[in-house]
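Across the two complexes that follow, chain A remains constant while its partner is chain B and subsequently chain C.
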Partner chain A sequence: MKWIRRSSGIAAAAGLALTLAACSGGAEGAGGDSQDGTGDVSGQIAVAWWGGEARSAKTNAVIDLFTAQNDGVKVDGQATADFSKYFDKLNVQAASQSLPCAVQLQGRQVNDYTKNDLLMPLDPMIESGAIDVSDIPKSVLDNGRGTDGKLYFLPYGAAYDAVGINTTLADEAGVGLPEEGYDWDDYMSYLTEAQESLPEGVRAIDSNGGRPNFFIGWTLANGKSLFNDEGKLGFTEQDLTEYWNMWETVRKAGVTMPAARTAEEPTGPDQGFFATGEVMSDTIPGNALTPATETLEGQGEGQEMTTIPFPSGPAGSGNALYPSGFAIPVSCDNVPTAAAFIDFFTNDLEAGKAFAADNGAPTNTKVLEALIADDSLTPTKKHELELYKQIVESDPQAIVFPPGYQATFESSFKRAYEDVSFGKSTVEDAVKQFFSEANSSLGT
Partner chain B sequence: MSVHTQTSSPETIQSVLGSKARKRDWRKREVAVAFVFLAPWLIGLIGLTLGPMLYSLYLSFTDYNLLSSPKWVGLQNFVTMFTSDERFWVSTRVTIVYVIFGVPLILIVSLMIAALLNSKIAFLSGYRALFYLPSLMGASVAIAALWRQIFGGNGLINQILSYFGIEAGSWVGNPDTALGTLVVLALWAFGSTMIIFLAGLRQIPAELYEAAAVDGAGRVRRFLNITLPMLTPIIFFNALMVTINAFQAFTPAYVISGGTGGPVNSTLFYTLYLYQQGFAQLNMGYASAMAWLLVAVLAIFSGLFFWSSRYWVYYGDK
Partner chain C sequence: MTSVKTHTIPRIYPGTPVKNTFVRAIIRHALLICVLFVLLYPLLWLLGASFRPNNEVFNGLGLFSENYTIQNYIDGWGAGSASFTRYFGNSLLVTVVSILGNLFSCSLTAYAFARLNFPFKNALFAILIGTMLLPMHVTLVPQYILFNKLGWINTYFPLTIPHWLGVDAFFIFLMVQFIRNLPRELDESARLDGCGHFGIFLRIVMPLSLPAIGTTAMFTFIWTWNDFLGPLLYLNRSDMQTVPLALNAFLDSTGQSSYGELFAMSVLSLAPIVGFFIVSQRLLIEGIATTGMK
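After this line comes the complex of A and B, so read on.
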């Protein structure tokens, strides 16, 4: 009978889209009367976010604070544990015009939605005072802007990519930490040197040429732009060739994990080879230090890890911020309450404490300072926040990701380098392949 | 019906007519009641299966990204598929290789196990349950995740091999062996096919074997000349089901490759690529076109298979 289930599954998959479309209608045009977010804070709104149980508990705690302060407001929280499934769900909700009034987004996806005019610009709400941004640094706030320069989501927590170092392994290999202000060449020789003295089976780094995060850091440090004004690739084929050749050199020297091991690596910074102590260094999101440390401690080897900024370059720091924040869809029928909620979530001191920087460092500097001063925070968490402060002080560039980034850039990039690392393609051919794939769908 | 043979006096005609009318009323009511009871299923069929399917047929001729309304593009999706989408052909090749290796293996192994279990040994029902167990779990996410652990670089298989001094790399991480592990996974879940074979084996009259034994036919002879021909209807059914199933395989590849179809597209099943196009890249029109192409190919395949059956499937009554 298994086949019956399967075939109906196919029909369901093929047809899911139309059920959505069939259910649509209704909400269109609602909420148009309160573009500036002022008005009665009452009634019900839905709020959607991604994250596991711990984050959901903290988000719900903030929601409770909000409803306690606002009589008669009801908030329907919708959590999705898995990051990419979350966006699958949002797309389906967007297709049926039933997006929650406050949806959590990041810069990497926001333009998939602005392109289709699904989100309200928040600028009028800032002008009217419904949303306060006075305590958010401009370079951080700008990450919430769309391709048209308007603010589409209000960043509340700023994640950044860091370089993680397993300090126990690094000390054993006699290399310590890379020196402050190190660049990519320094990093590569640091790794190569470490590899000579690492224990059997442990590699200095993962086979990482296909990780967009590292590449973004490399382009920033070298003053290249990731995207041009049309939303197409802003760097040249030569740039990428140079970058991948750099990784191929260390991979062929046995400094990275073999390609086949990287291909089977579990996803998630708390499950990857760095967290399990199988590689000495890797890029991890700054706020993943806490869960990755927990995994490493669970290995029972007594190893420790820390995070440092990305390598720099001629153009300065290689760090980018990836803030998360809430956006308000045009289909929202209760804009004043939604605006009040995202303002509360981002700026309220108590809310910030309840959320405890679970998804990146608080963008609101007052909340950030309060958390750093808070003794109940673990040293690991404090390190995350202090490294963030250090990165913000270097004035990181805000990247505007064109529509289609999430869907095409990341998967094509990974695939193209995988072809190289498995010896199925030369660097030159893979670069050409990536450019044609990415440019055909980006920015359109 | 039998009233026609009776001599018809006015009263009987009257009563017959009356009973006919009553019967008709009752029929009508019966039909109405039937529809009421069928309604949930019918609503489901039309609303959740037929409607969506027809809509996806429409979508297959459009450019539809889920977030804005579909734009009619005619045959463009199909043209792209056949002329300029390399990954489409990769996924087709991967799927066909999987079907060509997987289907015969599953059929042969499950038939062999069924033949083994069709004998008189102790704890027979226990063995049957044991052999069926994997197929209860076979398509589940948990098992596919377990497969990663078994065939991974530090997995069970390699630990056993290293005990014998053999150093093998990752099986799921290596593009040359990743698809093989999926075939083994499918093979492992042979239970339902096996149970159907077993039922078929039980149907074969024992006299045939006895007669053949009297004539001096050995085991192999009896299997080739009695078991196989008598089993052809079952083989036909199982082959069809297993093949269609294999063409639609999705879950194991999705879980083992983390949804990428990697490494290097080696596990990019057709349905996995369809899913990527539809839900990751938001080309729902293109994904619908792919789905309908699969439907068409499976329909043609099934038609050919049914047509061929008259030459090799033996039904006892003919």
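After this line comes the complex of A and C, so read on.
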């Protein structure tokens, strides 16, 4: 009855739902008439995505283009605004074998679904020519693979994490931008130097030791892997100790926001301390530059910001891509139409223009070029796309996130570092605590 | 009545000067108003933020700003593929049908448990109470499968029909307890005058149960109006959305969020709840006063 009070428990139910789906999933097998996606493109399919009004309008525009090209096809669009609520809904649909024929996923969750055999591998459809991947760089496409190496979703838009710099504050502090090819040591000394001349109350960076985004970048740059083949942690306790000690040094020197303030920071990139001009630098999703810029303008102090790639290291670039794409569930009864739709959404030039890179940069290089050349895009949006191009050229490593990543890794990581930054635990103890928590629930 | 009371106070406590109680009342009210202000501050902030331009919404914790605009209300009302006129209409429909359903089914069931004798009455009542212990997550997936097989996805049936079947054990329990406290002599006198069970139910029990009815209606209203998960699962089409779903559409953690419009529409969505509360609160007091006279 009191549904409103209990939404926090939905995540737990979602886990249960997926397990239930596993029990009932095998028997039905592929409900579709073809495994390779060839056949009649007709009839009705449902398509589900996350995103607010703006994105839904653009997605619906693409759907209209698709139905106009294919007579007799009807597409039932299911939009859920909130990212986490979207997955609540998906899990219930998965458990009841009624997933829409095209569901939008990211690498961080895809293996929660492949673990229970809920998704169809797309490789046969690529071989048959139903889905075209010739214009998608391999390093980007590989982000759609599951733990078994098969492709489970077709990435259409790639988000990436970037380092945001408040250029106004950086210029005032006399440090400018970090030099191209900077590494983590450079970044830390850059921040420390900036802190000396920043205005009262402004810090160089957030207290960020507990954010997985920066840590993922650090492991990539240093040639460590986040996860091993069994889906357990792939780095050593020593690595994490070194990483957290690095953050503790700058935190104790007063370069970061105090831990207590970071703990209560609003989560959205357009509400955080970086967007409000209270810290000079922070990691933000590359496509959050536009909304964060708007918030900063609203502060009325005429400050400006930009994004640059992550620090690199001995192993090269520290940038990871987080593409979103569509997957086809095994319960889908209209595979040819679903395959045609996701191919159209990802590869069609007009579709790409209608969607206007709303959810990360287009993975299809032709669509990307067309958008960069398009004059109607704002300079901020273009900067987002150009930085993506630069990152893809450095051949970023694809990360396979094991099942349970979202549910356990992110929260344990943050909590363990907060124990350190609030002085409740030593770095060594927190690392041990995190390793036992994460390894007990990851990859199972 | 009240004027009589105020005059009697000095007579009961002849040593207490009137002025003293007056001063005490002022202090007490001042304290209460301070606490109330702290309590309401987030709501006031919401109200203030809803009148600021979108990119100034998060400028600090103050209530006031240099720029005021009602653009958030205008843009917000027209946002989405259907406008908020539609969303408020949808919410109202679901809420009214749910309230009627709950009042109908819960009061009948409660009357049966409180006044009738039938086999397995206690066992059935225990089962009914037992359903209150079931977390809603346990039934979430089976329910979805059931409604999906019935073809009820994308209809308002999953959100309203269950209320007509008396599944809200809490309200039944509330009414049973209330009806049990009504004197049986009233039933018996009605029976002597020729009433059957429906007569007793409609003429005696229901009019005396106004407080319980008011409570049921009020809570059903608040819970249904604010329900997010039910509409999220069962309503896919955007023109069928209820207000909480439409509010959620302003937020997009991976894209552009419109907080100003969100806050403006949140303020409007709170208005019916506050209004309904005020109305049914009066009903509650009336109900209690009526039963107090018996």
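FYI, the second predicted complex is superposed on the first by the 413 of 444 C-alpha atoms of A that agree within 3 Å, B and C clash if a C-alpha of one lies under 4 Å from a C-alpha of the other, contacts with A are read in each partner's own complex, and residues count from 1 in each chain.
Here, contacts are C-beta pairs under 8 Å (C-beta built on N, C-alpha and C of every residue); 3 or more make two chains touch, one makes a residue touch a chain.
In this text the structure is predicted, and so the values were computed from the model without any measurement.
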(request) State whether A:Gly268 touches chain B only (first), chain C only (second), both chains, or neither. (result) second
(request) Determine, under the contact definition given at the top, whether A:Val92 touches first (chain B), second (chain C), both, or neither. (result) both
(message) Touch test for A:Ala68: chain B only (first), chain C only (second), both, or neither?
(response) neither
(request) Using the superposition on chain A described above, determine whether A:Ala260 touches chain B (first), chain C (second), both, or neither. (result) first
(message) For A:Ala373 in the superposed arrangement: first (chain B), second (chain C), both or neither?
(response) neither
(message) Once chain A of both complexes is superposed, is A:Asn359 in touch with chain B (first), chain C (second), both, or neither?
(response) second
(request) Examine A:Trp50 and indicate which partner it touches, taking first as chain B and second as chain C; both and neither are also allowed. (result) second
(request) Could you list which residues of chain A make contact with chain B in one structure and with chain C in the other? (result) 1-3, 6-7, 9-10, 12-13, 16-17, 20, 88, 92, 95, 266-267
(message) If we count contacts the way the header does, which residues on chain B are in touch with chain A in the complex?
(response) 48-49, 51-53, 55-56, 59, 64-68, 135, 139, 148, 152-153, 169-170, 172-175, 192, 241, 244-245, 248, 250, 258-260, 262-265, 271, 274-276, 278-282, 284, 287-288, 291-292, 294
(request) Quick one: which bits of chain C touch chain A in the complex? Just the residue numbers, please. (result) 53-59, 79-81, 135-137, 140-141, 144-145, 148, 153, 168-170, 223, 226-230, 232-233, 236, 238, 245, 248-259
(message) Quick check on the complex: what are the chain A residues that touch chain B?
(response) 1-3, 6-22, 84, 88, 91-92, 94-95, 112-113, 115-116, 118, 258-264, 266-267, 407-408, 411, 414-415, 418-419, 422, 424, 441
(request) Note which residues of chain A are touching chain C in the complex, please. (result) 1-4, 6-7, 9-10, 12-13, 16-17, 20, 46, 50-57, 60, 76-83, 85, 88-89, 92-93, 95-98, 159, 266-268, 270-271, 276, 285, 287, 290-291, 294-295, 297-300, 324, 358-359
